[in-house]
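Multiple structures follow.
Okay, so chain A shows up in both of these, paired with chain B first and chain C after.
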Partner chain A sequence: MSSRVVVKLENVTKRFGDVVAVNNISFEVYRGELFSLLGPSGCGKTTTLRIIAGLEQPDEGRVYIEGVDVTKMPARERKVCLVFQEYAVFPHMSVYENIAFGLKVKKLPKAEIDKKVKEAAEILELSSYLNYKGGRLGLSEQQRVAIARCLVVEPKLLLLDEPLTLVDAKVRERMRRELKRIQRELETTMIYVTHDQLEALMLSDRVAVMRSGRIVQMGTPEEIYDNPKDLFVATFVGSPTMNLVEGVLELEENKLVLKTPSYKYILSKEVESNIIQSLLGSEVVVGFRPEDAEVRNDGVLEGTVKLIEIVEDRKILHIKINEDEVRVFVDLLAPFTEGQKVKIRINPLKLHIFEKKTGRKLLKGVVSG
Partner chain B sequence: MLRRILTNALMWLVLIIAVVWTVIPVMWMISLSFKTYGEWRTPSLLPRNPTLDNYIMLFSPQALGIFIAYTAILEPIVGPLSRTLIISATATVIAVMIGFFTAYGASRYNSPGPFTLFFTLLTRMLPPATFVTPIVIYFTTLYLIDNIIGLILLYAATTVTYAIWILKGFIDAIPVEWEEAALLEGASPLQVLFKVIIPIARPGLVVAGLFIFLMAWTELLFALVLTNLNVPLSVQVSKYVTAVGALWGVQAAAALLSSIIPLVIGYLIQRHLITGFTFGLVRG
Partner chain C sequence: MTFLELQKISKTIGNKVILHEIDFKVGKGEIVAIIGPPGSGKTTLLKIISGLLAPTSGRIYLEGKDITNTPPHERGFSMVFEIPPVYPDRTGYENIAFPLRLKKLNEDEIRKRVLAVADLLGIRHILDRKPSTYSGGEYQRVALARALVTEPRLLLLDEPFRNLDAKIREAMVSWFKDLHKKIGVTIIYSTHDPLEGMTMGDKILVLLKGIQKQFGSASELLARPTDLDVDEFISIPALNILKGYIDECSESGVKLSFKNAMLKIPKKLLKCERGQEVFVAFRPHDVKIDTGEGVGVFKGRIININYTGRNQLVSLETDDTIIRAVVGKDVKLKIGSTVSIIPSIENLRLYDANTKKLLE
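Right after this comes the complex of A and B.
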């Protein structure tokens, strides 16, 4: 095991009665890395964190911290800190006492405690709240206090369980940036749990996407976004979600065609037939992201604009093509109207083809150039 | 408009009746405690010749020379008063302590099982008189009759169930994450207990303690049966009116005295009581 590895999980499984909360999970997190566990509610993210922290015993598998097997080590000896999803702050203590808690129980000298508390408060912009009672704070301050409390004890590993979920949207974005800055500055190793794909993609060095207790895919945000391993990851990551059309792939005059029960879609004009051969005739789901298609006059697919949405600095056209509806990004100022007929072209390099039965990715990109 | 006035008037009427209902007997008691012997049986609310004789008699029954025949059997009230203070305070501390740890175990580890906890209510499901005979027999063999330790143990045992149920509610409301966070920051289990759980559960401890203290303070049935010379306050108060004679004024003074102490305690901890009763509403 390389010394860069701070934490390593090896085939960890945890059951609660019949529920397999965590199912044979393995991963490593490197020093100074921000690693995210991303997945829908109930997929086992919190349980995974609690196992690493030692608050939950795995039924199977081992946990290593800095190369030492800590599977049986009590939580308080692991030097791992966890910022909880809720209830982060002691209500009966002031912000100062909250941050100082972990130092006081270690009986550090008063002056040193004071210095560390004030430093942490500075970093998390809590200096003006130090005398507030924990229970009187707003949620975003509470979360910051919780983070400060963990930072002062200088853990080997900082675990964050959806720390921004309860914070209102405006503050969330700023805190996300702050968190990233702090993580970079202090070179803290962090495992960040979230069900917000955007948050995971923005913050992380690496992301593990979880589903029903398993890790489905692990990689950099770019890998996860550009090269999802299956339909679940493809649709879970990205907003608006990937466009999907079901059908059977066929080749007609060297054009790749997706045949649905009543229609034929020409997906691309040219195909490298040798890649495709094995897929022909099988039931597939074809997906492409809204930014990987364009509206243009020489497009091969024709449809009608049903709805125009404005999202930040772009427009999303909801285009009805035969029975399917797809979403395509266009410029904010592009002059489209609802009901208008348009043609779109999908970037054949960015086509994802999944097996319908299993959701498994079969192919990405049907043509070179 | 008329309806509003009527409703208001009705509300006030009900309020006044309620206040009179509760306050009049207390007023009567206060007035009686300041009346002279000859006036005890007159129904006037204000004493004609206010006197402190009844109070003096409480503290030194022989001082006034009258009523010797009756008061010879009575000791000065300081004895029963201090006995009851010791009994109530000790029983409260024991019951709250045992109750706290039981409630904690029940709340966090679901031990000794959800059903077992109901057995602690068993002693409260039957009239206390049912237990008198067995208790008298056991206490006789254990030399606990006429012994304040006997009453302490009995009160602690019979009230612990209240402590358990009150405190379990409070501890259930404390998110386990607070304890876990403290552990992860390096606190020992004892530090978690004293720095996190007990301070947060304090209103619950106060509520349970006050409740149990009052029960022990006012208990009469067992005290009457289990004591002879070392009587607690509740028994002493009842003794002023006996078959031999009725010292109404002295009894009123004793009753007043015995209700003032819980009142003072209640007043001193009312701040905790208020947070205690609203604990479930303030999250975090």
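Right after this comes the complex of A and C.
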């Protein structure tokens, strides 16, 4: 096993009664990497993390940390540190004492403890709170204390279980930026569990998308976002959600057409027919991200604006086209109104075509001729 | 027409001011979003409107009638809390029917109303099931159905989407806006998420530390925040703020000076004073970066990159401060490299350095 590998899971399965929480999963996490387990509630991501921490025993498979088989090793001997969703700060101790706790247990010299605590407090912007009692802190400060307490003991591995779920929107945004920077600067190996796709994209070097106890796709954030392997990953990752239209693909006078039971959409004016020949006539789901379409006067699809939302710098128009609804970005100050008729054009290079029956990706991008 | 009016509502507990002179009007059928960080007084304000708490001073009027001392159950409002109590041992149907049973309606009427509201919210298929089998979104819908079944005059929602997974929350917001169009009930709701609030609300109340900072539409808030605190709170990702001073006032605009940079903006201020200290604020989306030898206003070293799917959020260290920029994902960037930073001069705002008030 390469020394680059900090954690290795080999065919790990965990059952709770009849429920298979984790179903035969394998992956490796490299030194200095932030690796995320991303998925909806109940997908097995937290159980996987708890197996790595030693809080759960797998029914099958092995877990290695730095080449050592730790499958049967008790949690406290694994030298990993775990940060939970719900804070675990001692309310009667000061922030300083909370952060120093693990170092005192290790009986480090006072001066060294002091240095480490202050460094960690600085990084996590807790310097002004050091004398506060844990119980007086807000949720986000408590969560940062929990992370600082882990960082000072310099664990081989830091495990985080949805640490930002309970903090408010503003702090969460800042923490996403900060955690990434801290992790890179300290080169800590982290495994991060989250249901929030944006968090996973923003923080991770690699992401494993999980569903029903299995890893559906694993890769860099760019790979996951740009090349989702199936409909589940395509719709779970990305906000606003990828637009989907079901139908049958046909070629009409060199135009790629998606036929739904009652309508016909022209997806692209000119295509190289050889690329999609095998897909013609089959039932598909065509997907495109909201940023891969635009509202234009010469657009080929016409619809009515149903709802306007604000997302950061942009507005999203929810456009009803026949019986389908698609979302397209426009400028924040663009003067669109609900009820207005608009035309859109989709970038043919950014079309994702999925097999309807299996959800499997068939093709990405229809090259215009 | 004004449906609900709050007049200088204040709440003090001991000598702590929780709310200070909250004052706004709600039109019939509108959604008002109260946005603010935790501890800003959102829940207290909702409780005062519902009647669960009495204000220390100020009045509340409903359709012109003073209801400040009207007990909650006589106001005809419904309130849904962050974690709504749904009875775990009762089916969805029984949970929704509960407030109607309290009103001693007959069984036929109850059934008619429960089914109507369940259809509206798309939860008819879970009426026979108990809450333990619900997903987060379904649970929230049942709680909402129970609040709506009594046909309240005003619906008060305290952080209704807070505990939902990100993906479900996104869907719920669109769904909820859609639902509101169908039922038209007047809603006051709170959230810590400014973007969610600006999407949901026809009007938005910015509540910071118990003070009403601004009340207006999302476009008003985005274009003209009353002060720097509002601008800072509503901007996600975090607002860029630079301290500088006015170097020159002229017909064509204002020249600003920073530690190691100058910036000329085509904005004519009503009152422009040379030497005045200002905060210059611009959102990360209103910054361009140039990896070449470009003519950027600031030079910055890339200290962090967060990929967001659509874009990259880049943190840059400059002589003055850290500037954040949202750039397209196709731009090749490297941590540690230095780039030029160009804020969009049309989209930045000036604030007085002392009062933090918007300079116009």
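Points to keep in mind about this one:
To be clear about the criterion, the second predicted complex is superposed on the first by the 363 of 369 C-alpha atoms of A that agree within 3 Å, B and C clash if a C-alpha of one lies under 4 Å from a C-alpha of the other, contacts with A are read in each partner's own complex, and residues count from 1 in each chain.
In the analysis below, contacts are C-beta pairs under 8 Å (C-beta built on N, C-alpha and C of every residue); 3 or more make two chains touch, one makes a residue touch a chain.
Please read these numbers as outputs of a predicted model, since none were measured by experiment.
In the model built by aligning both structures on chain A, chain B fits alongside chain C without clashing. In the superposition on chain A, A:Cys81 contacts chain B only, with no contact to chain C.
Applying the stated contact rule after C-alpha superposition, one finds that A:Val153 touches chain B and leaves chain C untouched. In the superposed pair of complexes, A:Leu332 makes contact with chain C only, with no contact to chain B. In the superposed model, A:Pro91 lies in contact with chain B only, and not with chain C.
Using the contact criterion defined above for the overlaid structures, shared-chain residue A:Leu203 touches chain C, although it does not reach chain B.
By the touch criterion defined above, A:Lys170 reaches chain C but does not reach chain B.
A count of residues in chain A touched by chain B and by chain C gives the higher number to C. Residue contacts after overlaying the shared chain place A:Pro40 against chain C, while chain B stays out of touching range. For the pair chain B and chain C, the model built by superposing on chain A gives 16 Å as the shortest CA-CA distance. Residues 53, 55, 75-76, 78, 80-82, 84, 86-92, 101-102, 105-106, 134-135, 137, 142, 146, 149-150, 153 of chain A are the ones that touch chain B when the two sit in their complex. The residues of chain B lying in touch with chain A in their complex are 175, 177-178, 180-188, 191, 195-196, 199-200, 282, 284. Taken in their complex, chain C has these residues touching chain A: 37-39, 135-136, 165-167, 170-171, 173-174, 177-178, 192-196, 198-199, 218-219, 222-223, 233, 236-238, 283, 285-286, 303-304, 306-310, 313, 315, 324, 326, 329, 335.
Across the interface of their complex, chain C is touched by residues 40-41, 138-139, 168-170, 173-174, 176-177, 180-181, 184, 195-199, 201-203, 221-222, 225, 236-241, 289, 291, 306-307, 309-313, 318, 332-333 of chain A.
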